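Next up: some structures, all given as structure tokens.
Two complexes come next, and they have one chain in common, chain A, joined by chain B in the first and chain C in the second.
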Partner chain A sequence: MRLPTLLRTKPEAPGVHAEPFWSFRPQSDREAGDAIVSNFALHWFPAKISKASMAWNYSFWLGTISAALFFLTILSGLPLLFLYVPSIERAYQSVKDIEFVITFGSWIRAVHRISAHLMVIVVALHLVRVFLTGAYKNGVGRGQQREINWVIGVVMFLATLFLSFTGYLLPWDQLAFWAVTVGTNIASSIPMIGPGVRELLIGGRNIDQATLIRFYVLHVVFLPGLLGVLFAYHMWRVRKDGGLARADADAESVLESSRATEVVPTKTYTLLGVARGTAPTVTTRTLEAANTTVNAVPDLTRRALIATLGTIAVVSIMSVFIASPLEEPANALITPNPAKAPWYFLWLQEIVTDTTIRIGSFTLNGAFVGGVILPGLLVGLMTFWPWIDRSTHLAAGVWLPRDRRRQNLVFLLVVLFVLALTYVGMELRGPYWNFYWPWEPWPDIPGRI
Partner chain B sequence: MSDKPGTGTDRRDFLLKLGTGAGIAAITVQAGASMRSLVPNVSYDSPTTVKLGPTSEFPEGLKFLPDERLFVFRDGNTFHAVSAVCTHLGCTVHAEPLANPQTVDDDGAAVKLTHRFLCPCHGSRYRGDGANVSGPAPKPLAWFRLSLAPDDGQLVVDLADAVEHDFRLTVG
Partner chain C sequence: MEQRTSSPYPRVDRVVLAIVGVVLVIGTGLFMWSDRAHDWRYYQLQFKQMVAEKFGDDKAAVVPGGVQQVWAADLSRADRCITCHQAVNYKGFEQAEHPYRTHPVEPLKQHPLEDYGCTTCHGGQGWAIDTAAAHGEVAHWEEPLLSRALGETYTLAGNKNALMQMNCNTCHRYDRQTAGAGAINLAKSLVNEKGCRACHVINGFGGTIGPDLTNVGEKPPEQYELSRLSGQRTAFAWHVAHFKDPRALSEGTVMPNFNLSTEQAQALSMLMLSWRRNDVPARYVAGAPRTDPRSADELKAEAAMKTGPGGWFVQTGCFVCHSISALGVKSPAQIGPDLSTAVEDVQSRFGMTLDAFLANPTGTMSVVLSRQIILTPEQKQVAIQKLREAFAEYQRQRGTPVTSISSK
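Here is the complex of A and B:
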């Protein structure tokens, strides 16, 4: 048997690659395949990817942008690690130095802060996109377990929120101090175990040095580590599940259509030799028409780079113009009026305000109802939704399908409700958490008693 | 290796289980020990019994003590102390003087209501005696026991000793 050209000209053993580096502009399928196989950073990409799943208007690349933002927070966090001192006597001063004394300090801090804020937004949007397209559903591929990736995604979303919250405390200013006070008192409102949980969180009965160091370690070691591990697993699962659910939607349309699928080569002894027929191949029927997929290098890598570079550019420029706030140093003696949580927790602050339940002489603290039970139910429902969703596999990877109209509507209403509460907390709450319309002036209240 | 029951397989099986069990036990104990180390054994918090100063330093009406997060009320020669810690989520409430003070009966003792308390975090409102009136606060502000220090006669509060609303310290 005559050996294929490729094997004759490059007689090395399979899996051994003569090129010291991979090409971003592969001249052959062999090179395009090598770019994936022999590259550590790209090994989680498939060799070929469906064109449809790369469409900008399907996923909006929100996952990639989230990852880019996470990368930016780590990158900007590294210099901050050298400059910030996690001590209640010196934390505030060190942040003030970063902001006003250190060259480029305020910009680095702004990059860190803005990527973190954008990360909360983009991760939330990513979750909304995945829900609305039913992308946690399995399509036609074998052994798909997209539900698992959805659950991991929910945990990553919570980790993102906790990362933001723990970071918010580190400047040890008034905002920080009262956010920890309220946050840990919510934990304390859980019957029986609450006070113990709070004591473990803050390392004592009062918010003090032990509290700062705990939140600091959570912020710089524990939570980023957790998010990093989950991120790697999240990406791996996307591959194991056959890519984005959009690819399944494509395959389904082939299944549904009456036209017969042709027998095409799918397996070969070089990764991408299939396209040119330059290697021995195994032929079979496939749901992927040859023109629906492209090589991951450079088509996927190019777009991923565009999304990443775009994110870096936007954050870098925003950070020049948007200054990071720093309030007065933490003061256990004075609660700011009004004392507002960071924007992504304002809806919770609004809920804990409104959910104290009184039945006769029995009172259930809103801190427990609104701060623990309701968010717990919401997260629980979200986590198990893939098993509650009874729509068919045809609804996987399709924007707003008829099948899932009702659940998408309910989901959007919940999202809208959370946004509305956030707006109320942000704009309509004044001193003593009283309600003021945007055009109403706040009364002049002395800051101290 | 023998497949006969009661011989090699059992021993290998036993050793495998022993090894696995020992590994799990070691990791569990390490994790437990690590977690336990984070539970404080000694509290370095400030003491709960605090000297507040001589009674002459307390004016008629209300005095706010930020360090103790406490309001001390004086009516002639009687004193009582109300906590400034909101019972909802622990912010410090602000006192707002009332235009028309009134006297109400509270637990069988008359209280002159000169102020009301407002929480800046979630909008809880309390009457001058600490009773929760509106907002999310689930219960009234705590009252703490006041006494006179035996050595120098200063006013002393015990922040760990909540008392009923009829408590008054009368200074002779």
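Here is the complex of A and C:
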């Protein structure tokens, strides 16, 4: 996209950007760098990026896709804000109207729902990728603190789950009402403070108007705001830590090979005053080693565009064909059989059932073990894992390194365990939470007439 | 000018980006299309043509287009049925096919469309604008269109269109007879004839052996025990099967088999499902009775029975099932045998004396005497005394000499 020559004047002084617009097809490195500086939307990118971190099969661009999905939920949520009424008398009816008579209403709702579900999946996959590549580990750069970004990431994952969970209640149908009943009952099993926590969460003893408005405000103001702030910080830390950990792994091999050869004068780039020290992507050493970097504009921007637009395209098409469920209006007197938590909490519900032990008339409630102790332990372990992991910096940014073989294996087993239980909860649990093999039919749910 | 760092990416990435762009355009086309692809557009087009053919283009030009609805604010109903069924208020299409047919005028006189909407009487999902969803033939919608087609799936023995009468009776439950609701009228007369109130509370009075039926239509389908039901698995099918053979559906029930015909069982089932909580605003039922009306003759006859020689049996409640004809007590239900001959009859039926039977009743009477009519030993003595008197009276009326049963 070349601009007319009239607008292209020569720079008068260093640091003065003569071009009023940025170029999507820069002719020189200088012009490519200028794009970053002169465009607000691109300011969070470095001028150059290591080729290794661009690889499709390293990051699978899961972080970018998560961000794209977050963007889509916000975008599709805005029209829904105008249409949805957070009142127990009106909510269900307003969702019916969105489904049936609002122009593009059912598609917008489907986009919102599908991108929210996909966001839970993709954020979880992103977390798995970061763990398996040891990307929370610091490499060779000075001042790196990737552990902090890992902890922020864990909090963002939990915020994503909670965002989805609070959205679950809003249609005020049976699915919503009972999924939230199951979810908040698990919270109430914490000893001593459990009932209090539940009361705080739902604004009373019963799921009612107070619960709806609480979940609504959490869903549309508090949690998206929190996630937005954390997202900004997450990105800022990526820059500050010298890009993806993959870049460190790459820099190490460059350092190894170039150590014996000529010494280049080192210069520390302080890009936009953000990246301190000599993080690998910004040292002259790696920058000047041939073929290890490319310009962020247009190579990174193009990829980001592919990931974002690709996500939008996929969600858009899925939303045409996958209808969003809306069950009967919420009814506290009729429990659907089975009452299930949202799918990403089903592994917990399954553990709750399996750890509920009855000996005669004595019942040991599994909600505390399955709903509190176990997930609490897992989240705690996950949060502090960067400080528990004792592998060397060479294991940072490498898929399944030998150094971290054992922890990766245990991590994968835990993931598999969670997936298996989720599958059991989703597909194999029928009425009365009874177990049914896939080939066994469930009893019919009777109708009125 | 310094050179730009060479990059291997554009060659492939530009193609990928182009493909993503194409997919995006296709996706946009798809959702635009899916939002427009509704049957009602076709039906409106057809109806316009029909109006043009019959009444000319001028009339056709003013037929409203787009999603139409009846907003019955008092009932909180937004019924969009008229989006496809545009002829509802349009005279001249009385013989046309659905959805182009004019609504019969007579019911609309009493029930104006703008006050009642459509779904209040017809059932279905008024919010929806697509056929299957609007007719309620979808999951998670429990009020399907009460149509002839639905009646045919139940092979209704009488009027195939009768299911709709259930919704009439939501408001008309205290009518003895409702014009046009033949099945419900049949069921109501059966309720009186068979004496359902002997065991069941209906509208606030009746026996307590069976469940209260006042709002039985509210019972969620999930709470029916359907394991012994074959065929359609619905609350309605359960009621039909249960009326025809109570014991086959519900083990150990004391509800008698009344040998009802299929038509009777179906009518009664409709009545059961129609007995629901009624949230109709007062002005909709102005002037209608709010309790079961009883005629002056009925009240007089009951008062006479209460004060007559058999008054004790009326007050105690025996008369609900049993007549004691010798003492002038006539049971409205006559489910049990006439007690005028009980002294003799108990001996032949149960092989024990009346005294022994009342002390240790068996069968239905064990349920009745333990749950509904609980008598003290003194009251039982009174009962035996009164039944002896009734038998004496019976024999006196028949002209046979009085004999002492206990010495027999």
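In this text, the second predicted complex is superposed on the first by the 386 of 449 C-alpha atoms of A that agree within 3 Å, B and C clash if a C-alpha of one lies under 4 Å from a C-alpha of the other, contacts with A are read in each partner's own complex, and residues count from 1 in each chain.
Basically, a residue touches a chain if its C-beta (ideal position, glycine included) is under 8 Å from a C-beta of that chain, and two chains touch if they have at least 3 such contacts.
These numbers come from a predicted model, not from an experiment.
Enquirer: Superpose on chain A as described above, then tell me if chain B and chain C fit or clash.
Expert: Fit: chain B and chain C sit side by side once superposed on chain A.
Enquirer: Applying the document's definition of touch, where does A:Leu132 land relative to chain B and chain C: first, second, both, or neither?
Expert: A:Leu132: touches no partner chain.
Enquirer: Check whether A:Asn337 is in contact with chain B, with chain C, with both or with neither, and answer first, second, both or neither.
Expert: Both partners, chain B and chain C.
Enquirer: Quick check for you: in the superposed arrangement, does A:Ala367 touch first (chain B), second (chain C), both or neither?
Expert: In the superposed model, A:Ala367 contacts chain B only, not chain C.
Enquirer: Rounded to the nearest 10 degrees, how wide is the angle at the Cα centre of chain A between the Cα centres of chain B and chain C?
Expert: Computed from the C-alpha centres, it is 40 degrees.
Enquirer: Pick one for A:Phe104: touches chain B only (first), chain C only (second), both, or neither.
Expert: The answer is second: A:Phe104 touches chain C but not chain B.
Enquirer: With both complexes superposed on chain A, which partner does A:Thr181 reach: first (chain B), second (chain C), both or neither?
Expert: first
Enquirer: Taking the superposition on A as described, I'd like to know which of chain B and chain C A:Ala210 touches: first, second, both or neither.
Expert: So A:Ala210 only meets chain B here.
Enquirer: Going by the contact rule set out at the top, does A:Leu421 touch chain B (first), chain C (second), both, or neither?
Expert: In the superposition, A:Leu421 contacts neither chain B nor chain C.
Enquirer: Can you work out, in whole Å, how close the C-alpha atoms of chain B and chain C get once everything is superposed?
Expert: 5
Enquirer: Take the contacts of chain A with chain B and those with chain C, and give the residues found in both.
Expert: Common interface on chain A, chain B vs chain C: 333-334, 336-337, 445, 449.
Enquirer: Mind listing the chain C positions that touch chain A in their complex?
Expert: My answer: residues 1-10, 13-14, 16-17, 20-21, 23-24, 26-28, 30-31, 34-35, 67, 76, 78, 80, 127-130, 133, 140-144, 146, 150, 163, 220-222, 224, 226, 233-236, 238, 273.
Enquirer: Which residues of chain A touch chain C once you look at their complex with the stated criterion?
Expert: Result: residues 26-32, 48, 51, 54, 93, 96-97, 99-101, 103-104, 106-107, 173-174, 291, 293-295, 298-299, 302-303, 305-306, 309-310, 312-314, 316-317, 319-320, 325-328, 333-334, 336-337, 444-449 of chain A touch chain C.
Enquirer: Sort out for me which residues of chain A touch chain B in the complex.
Expert: For chain A paired with chain B, touching residues are 178, 181-182, 185-186, 188-189, 199-200, 203-206, 208, 210, 214, 333-339, 349, 352-356, 363-367, 371, 431-434, 445, 449.
Enquirer: Could you list, by residue number, the parts of chain B that touch chain A in their complex?
Expert: 38-40, 43-46, 64, 66-67, 69, 87-92, 94-95, 118-123, 125, 135-139
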